[in-house]
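Here's the structure, in structure tokens; my notes come after.
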């Protein structure tokens, strides 16, 4: 079993906000991340798949094709967007890094499975000092 | 003459928008950066000062003090903020990286001059692939 | 299960030294790392916790609070210190990266457990080319 | 159990090519990577070993010795080389990052085992955006 | 005057070789870089332009357009290529980083000048530890 | 005129201390950097030379030879050392990054001049967030 990771980037705005709470409670819990006028990040995403190198190519999967899939199903939908307002697959969810990582798994896993590829993990850097990893369960 | 650089970070939301243009014209010129619901970045700022090492300390200026000044006059005002809406020193300006860099110079230069320190340059990374440098004229 | 990592930094001096050995033996085994007058590093520490995102916040744990804990129980005790001489939780231990990583786990795990948080791993970079990972057993 | 990683570098030329296919088929499958006159990369390799810190040193293994082994059995054989033409342990293999990573495991694992060291993983960056991990099975 | 830099990447094979010298002399002078079967690098290029922010946009030049120009006139011609064999603008030249940087300036400067943009410098990383800067004279 | 930079590393211990001051005064001015038992850093040094590419090689100077010189005249003297106690060319000087950068220029400039090479600048990272540049006057 060999693991291949492809790294991509996107930039987005968001705020951390529980719509059932008052503004005061949101600021108490989420601090600066609850700025009502938004803030944003340069996100870096690492998509890791696993499999056996194929006898005809030595690839477990074409990394260029993997990049195209990540762009189509993830980056094109969230790059230069507002995660709370503009992204269908984040509707009704918190836009924490945890939540976004799980949602990105949900976007990619079925598409990759249909291509016969096993998704292993999503790693998402929100800043150079904070990152999330998710393995699907 | 020795040059000392201190690096700091902040995260912010913005959009590129000329208020005298239609939405169509803004999107034509600024592309994805004109998303009306904002996007954002992890900015990295390099503040470079210059001077002679002082005979009593070997410092041209205390880097810890420089960090405190950058935080007070820049980061505290823009970190986790919306550059178009929340930042007094950006009012009425474009929030391009160019404009922001020149505005940060305007924030820091008078404060540093009053401390007897010569500001040499501001370098601002908007993304790992785009950065601006400004030397004050 | 989602994994959240927070990265922090500290700078410290140390030497690798077995007090039961002669200086010659120490130099033979530890090489340049046994310089009697010390050397030092910029350490980078990655603290990874795991858990379920909480329904009220979307956080598995507040990353800001995690940062405060790491600073209080680790960085404040070892930053700008001599690992062999100044650090209570390293007393009587080798100051290898291996030893330091295990000791940092011992500092953080009980505190995090008391906050209801499961510590998953400590990753410690001694230099950009040497790093240690420890998972608690 | 503690994990120690040592990072090394090498530069090499290669092309992705299935010798049983026509040039057209190779270009269709491998794209730009099938340029007949070669292209190349700065590879970064992370070699991770695992074990218990030894009571006399606090090391699981001397990182300097690990570096010497990686250089002797890997880097000296492939640095500034053509992976398709010049490297004995790649003969008859694809020079994909997957294939190269598995071959590097094959080079290092027996040597480390003879030194009493357990190899845990090889991580190979082909570019800053594509990397492979292999754990030996 | 404000300086804007755009960073791009390409991968290429090359060898350092003086065609008027014997193989022995080439190996004596260029060392491992004279491997006859080539080696290669992941190059990183920083293209810096300078100018005044324009009153209608706050841009000195559209960074997206700059990226398109760099790709068309540089990256598309050398990415996944052999610098000694495949690149018209390197014909008859050494493929040292120095030579390549000057040649890239020659590719970009006239195109940018025609767009009304002043090219300030080309910075080229051949490896993370070796880079060249050129300012046009 | 072309500029070539070679990057090298070293690790060292130091403390910031004015021997004419009391311990209290040292701690007031230098803060944590005045810990009497030392602290340390992974330093990164960028040595930039300038010149014309030579007609026989395309090099302004052999980067491998430059690396050997930096190691002999700088790194071998300060790597894994105590900058206040062990380094002849720092005797009687502050071990601030400013002071160390100027002293490294003093080590390298005469040696490079004798080889016919013009030293342009020394850039020294003390941490990823603090760096010094010196151009020789």
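All chains are identified by letter, namely A, B, C, D, E and F, in their written order; residue positions are counted from 1 within each chain.
Operating definition for what follows: a residue touches a chain if its C-beta (ideal position, glycine included) is under 8 Å from a C-beta of that chain, and two chains touch if they have at least 3 such contacts.
As the structure is a computational prediction, the values presented were derived from the model and not from experiment.
Just to note, of B-F and A-B, the chains joined by more C-beta pairs in contact are A-B. Seen as a C-alpha superposition, subunit C sits on subunit F after a turn of 180°, to the nearest 5. Distance between subunit A and subunit C, defined via averaged C-alpha coordinates, is recorded as 29 Å.
In subunit C, the residues touching two or more other chains are 128. Pairwise chain contacts present here: A-B, A-C, A-D, B-E, B-F, C-D, C-F, D-E, E-F [touch as defined]. Residues of subunit F touching subunit B in their complex: 16, 18, 29-31, 93-99, 101-102, 128-135, 137.
Those residues of subunit F that touch subunit E in the complex are listed here as 1-8, 48, 53, 56-60, 62-64. The touching residues of subunit F, counted against subunit C in their complex, run 9, 11-14, 32-33, 35, 37-42, 79-82, 85-86, 127-128.
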